[in-house]
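Note sheet for the following structure.
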Amino acid sequence: MRFFSDNAAAACPAAMRAIEEANRLDTAYDGDRWSKRLDEAFSTLFETPVSTLWVSTGTAANCLALAALCPPTGGIVCHKDAHIENDEAGAPGFFTHGAKLMLVEGDGAKVTPQALAAVCDRVRADVHQVQPAALSITNATEYGLSYRAAEVAALGSEAKRRGLGFHMDGARFANAVAFTNQHPADLTWRAGVDALSFGFVKNGALNAEALIFFDPARAAVVERLRKRSGHLLSKGRYLAAQLLAMLEGDVWLDNARAANAAAAALAEAAGPERLVTPVEANELFVRMSPGEAGSLRGQGFDFYDWAPGEVRLVTSWDQDLDSVGRLAAAIRAL
Amino acid sequence: MRFFSDNAAAACPAAMRAIEEANRLDTAYDGDRWSKRLDEAFSTLFETPVSTLWVSTGTAANCLALAALCPPTGGIVCHKDAHIENDEAGAPGFFTHGAKLMLVEGDGAKVTPQALAAVCDRVRADVHQVQPAALSITNATEYGLSYRAAEVAALGSEAKRRGLGFHMDGARFANAVAFTNQHPADLTWRAGVDALSFGFVKNGALNAEALIFFDPARAAVVERLRKRSGHLLSKGRYLAAQLLAMLEGDVWLDNARAANAAAAALAEAAGPERLVTPVEANELFVRMSPGEAGSLRGQGFDFYDWAPGEVRLVTSWDQDLDSVGRLAAAIRAL
Amino acid sequence: MRFFSDNAAAACPAAMRAIEEANRLDTAYDGDRWSKRLDEAFSTLFETPVSTLWVSTGTAANCLALAALCPPTGGIVCHKDAHIENDEAGAPGFFTHGAKLMLVEGDGAKVTPQALAAVCDRVRADVHQVQPAALSITNATEYGLSYRAAEVAALGSEAKRRGLGFHMDGARFANAVAFTNQHPADLTWRAGVDALSFGFVKNGALNAEALIFFDPARAAVVERLRKRSGHLLSKGRYLAAQLLAMLEGDVWLDNARAANAAAAALAEAAGPERLVTPVEANELFVRMSPGEAGSLRGQGFDFYDWAPGEVRLVTSWDQDLDSVGRLAAAIRAL
Amino acid sequence: MRFFSDNAAAACPAAMRAIEEANRLDTAYDGDRWSKRLDEAFSTLFETPVSTLWVSTGTAANCLALAALCPPTGGIVCHKDAHIENDEAGAPGFFTHGAKLMLVEGDGAKVTPQALAAVCDRVRADVHQVQPAALSITNATEYGLSYRAAEVAALGSEAKRRGLGFHMDGARFANAVAFTNQHPADLTWRAGVDALSFGFVKNGALNAEALIFFDPARAAVVERLRKRSGHLLSKGRYLAAQLLAMLEGDVWLDNARAANAAAAALAEAAGPERLVTPVEANELFVRMSPGEAGSLRGQGFDFYDWAPGEVRLVTSWDQDLDSVGRLAAAIRAL
């Protein structure tokens, strides 16, 4: 019973049907009928004109966005636990040609305006020090917390005041929307976000992520970078079709709600004492001795050791409810 | 009726079935059961132990290979018409951190040992000039010619003598194998090739290309580069499954034979006078006045203007035989 | 008797005196009294406000300029014989993060507007091809020719029409000014040049080159790149002092005139038959059999074999007139 | 009276004489008589065969060394206060093509074997995380501490055990040698150091730093990188001559001793209470209120505000003893 990550779940029926439907001749790259509808579909969702690029991975989405927002000589402020810092093999350095990640600390992997201001204020404005050029946050965070729109807006305001571009790694953006019940627009561009990596793969797509630019002018250079980094698939229509299919009827939101609900059930079973952070998406970070973790594994549950005395449980859009119930019971019985 | 390119055809039934079969929970990235079988499957095909990485595009396959074979300070000898020079948006420069493409000329976009030797001999061995570090050829070439094993071996020998790595861009490798009827091993490692971009997308896959290293030790660094460039999909199993399914029962070869046969039929219709180069794969380069091209387009045929007075016709694995017959007739009637 | 290159001559008295004078405590980097006077001094010379950065090498000057004028995704049009293509070890690729040199041919290593237009017109405007972003010419050229102001202006006009930045590698700019007797402003910004690598080392400086931006706004990013590439010397005042000293009293022009005069004397001795190109600066390219070259070397003359049957002779600001006379006689006696 | 930094002092007599002596025609780049003697001179000093490259700045020396020791995909462990992290404008990212600085903490800007082990042990060996490839320490440190040979050896041993290259930023290496009175060999290669940026500019050179590789084989690639990064001066002989002249008769050591002695005199005046760290080179970090700092400045002393309540005083090889005495008295009088 897998609670290891949401990154290996099956593709959802809507995505698979979309692939079937796209399996006919059309124009290559992003000239096809599906790709051409992307901007409109996401503009509708976000209630503002956006530019949308499909890519195959979240790392590509994140790093293309960062390359658009930060020059090689610049710095990107992010949390020390950020995915771009810890889990992308140095891809930000590759895509930006050596820009610097400027790390901040903060509870639950959240960046605060104060932390942002502090790291920027420490930088001398001379040519000897790398100047911050962008802010990147993850929503939901690497600790499963969801930023509220007001929190994002406070960061956006601080970022704008300092002339920083603002990127949101939304590998689990759907889960954050589902949890906060706030509008995608309020969580992003209305709060100052310039670029969003809108994750679909963890949420039921096969291989399609959406990279959204709220200022369409910024997308032009990224279209070149997407090709230059080998991310312009010739049969891109299959990716576009998945995204469209998951937007339609709010499949993306239903999937995220299902994953969140499974996590909430486990959170209730674990109880506040064991939880490292509140459960605000589809991830739980649970205090647990090695013995307890071993006991759960002995019962067939698969999950990740996050830190000493701490495990991570992740639920997926298709998490089997029976296994959730059994894991909840097993946790209660620890 | 599309003869524009083979890069937008539908995915073949074997590939689509494989995607269906892979649509279940497994381990992420390349830890799944399909990915784990790749090395064995391609080692069997090539009759030698190989390392195989799936990627989503030919550009990624080519440029990861080049990054493995050439340091940032080095040069890559290739034909001036090579895809890596003309159609990858500078991706080789991106992946290699600025290595230099050293261009040679040659009929039909072929590199000869003489041309390779000449470009290398022009380089002074001092620190002021970029030293050649790798050779990259395309098979079948950008002009639809297939290298024979002996030609590859002559290049391989020259490359080895000079200490160059040897990469083959095999976006249409299947078509070259089908045309020459020579063994994949004879066309690659037995002839000195170190890395092969083995194309599947143009030949009926949805989004999977195979990057083959004949010296498995070389693949280790590329595994990091694949992640670092955003090309490690979390649900990589769908790519591996496509590759395996197309290897099984030689689907890849049957598909290529079908495309080649369609091209051969058109070539016969065009006649040697009109053909810029012999048709040795699934592409034709046909001399044609603008008026003639316009006439064909008026009859519903879609194709690419390659050069003044020259058009390119490409056939796909699933080229409709009726449309082939009609185009053949239309060409005859010009 | 050295006619090998002008790159190893002694530093001229003005430069050496300047170093002595700067040998006192002042502010580090470019905050010192000499560095602070650079902009004014060069603005006076060029009759327009310019930004000036000292650097230690022509390669640094060229490549910092190119990095300012061309993004990593772009292309730089230059002659196939350009120094940036042949003699800088791939430095343009390093500083620009992989931008592409787009080579043109042309007599005497000159770029013509027609050649510029042709190479640009061959590029499709799609994302698959690198788009030209800058033009770089060398004045005097690698074949010792000096562009006239009208020639530069024709290139500048074509470049501007196409939105290209315009860089001049002026390693021997002084020699070109001396030969054409045209104003530095007419040869540069009035003709559309955006950035000039104004060479002083070949012309009698010890280690100081001037990088000039005619739009001072462009210099800001380069100040960061200069530091980032390790080219911001802490004791930069010695470089600034050399440049100022060589501007004062037109030492730079006198030095170039002396070198040109020596070359002209040799050119007269060689006669038009032997000269590959007219001598318009301080370099001669002389047709000569290996036997003839050997004979001259046997008489103690040191020079460079440029191409089969062709040698290069270079004169310096301090070329010994006696040795010039002897070489002229020896050439006449061939 | 300047106690701001040692980076802007005048060049010492030996260096200036060397420049005069080198001011004659010789071979360009590093083919001249002075450059050719470098390896031997430094091999004698270090009692082992070394390769030596002159460069113009410490940033160039550091980053060329790092590029030799760490691939683009790798990580470089260093102190969070390291010059390469804080004061080189992201140059390590530029020269290494995006390698990651992995920061550790430690008193007095020193790295300990424990800190090195801890940061390495936190890294998973998978492709998602950047793997450490090199260690870089600064000696004397950014807080003016000198590593003892045994400390370096403990780090070297830990580094070797983990397969890391080992670089020492020796911008003030001479000061560390002078303070510890330990042999340069014991502080470097005998302790496992692979590459040393041996600083001369802060110690009395005009524009010459020495980059030393204790495994000469490593230097070959760096010779290309030096050219590729624009750091191969055509008149390199002036740099080589300075280095040789400062080695001769131990000028480098005498200069460092003089600077250290001046710092020691100030340290005695300040007393242990005010000193943030022991004074083990030519830098003092002194606790001081803004009012006290203002008072000293009012008396004509120039220095750097290092941190809140903390100023930095640096002495140079030619520090005027009278000004040292006056500053010592002024500090005592606070």
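The letters A, B, C and D name the chains in turn, as written, and every chain counts its residues from 1.
To be clear about the criterion, a contact is a pair of C-beta atoms (placed from the backbone, for glycine too) under 8 Å apart; a residue touches a chain by one contact, two chains touch by 3 or more.
Keep in mind it's a predicted model, so treat the numbers as computed, not measured.
Colleague: Among all the other chains, which ones are in touch with both subunit B and subunit C?
Modeller: Under the touch definition, subunit B and subunit C have A, D as mutual neighbours.
Colleague: Using the touch rule from the top, work out which pair, C-D or B-D, shares more C-beta pairs.
Modeller: Most contacts of the two pairs: C-D.
Colleague: Hey, which chain ends up farthest from subunit C, C-alpha centres compared?
Modeller: That would be chain A.
Colleague: Just the number, please: Cα centre separation of subunit A and subunit D in whole Å.
Modeller: About 42 Å separates the centre of subunit A from that of subunit D.
Colleague: From the C-alpha centre of subunit C to that of subunit D, how far is it in Å?
Modeller: Taking the average C-alpha coordinate of subunit C and of subunit D, the gap between them is 34 Å.
Colleague: How many angstrom lie between the centres of subunit B and subunit D, each centre taken as the mean Cα position?
Modeller: Using C-alpha averages as centres, the distance is 50 Å.
Colleague: Which parts of subunit A, given as residue numbers and ranges, touch two or more other chains?
Modeller: In subunit A, residues 72-73, 88-90, 94, 97, 127-128, 224, 227-228, 232 touch at least two other chains, as defined above.
Colleague: Report the residues of subunit B in contact with subunit D in the complex, numbered from low to high.
Modeller: 71-73, 97, 127-128, 131, 221, 223-228, 232
Colleague: Under the stated contact criterion, what part of subunit B meets subunit C in this complex?
Modeller: 72-73, 75, 86-90, 93-94, 96-101, 127-130
Colleague: For the complex, give me every residue of subunit C touching subunit D.
Modeller: For this pair, the touching residues of subunit C are 2, 5, 7-11, 16, 19-20, 23-28, 32, 55-60, 63-64, 88-91, 94-95, 201-202, 206-207, 224, 227-235, 238.
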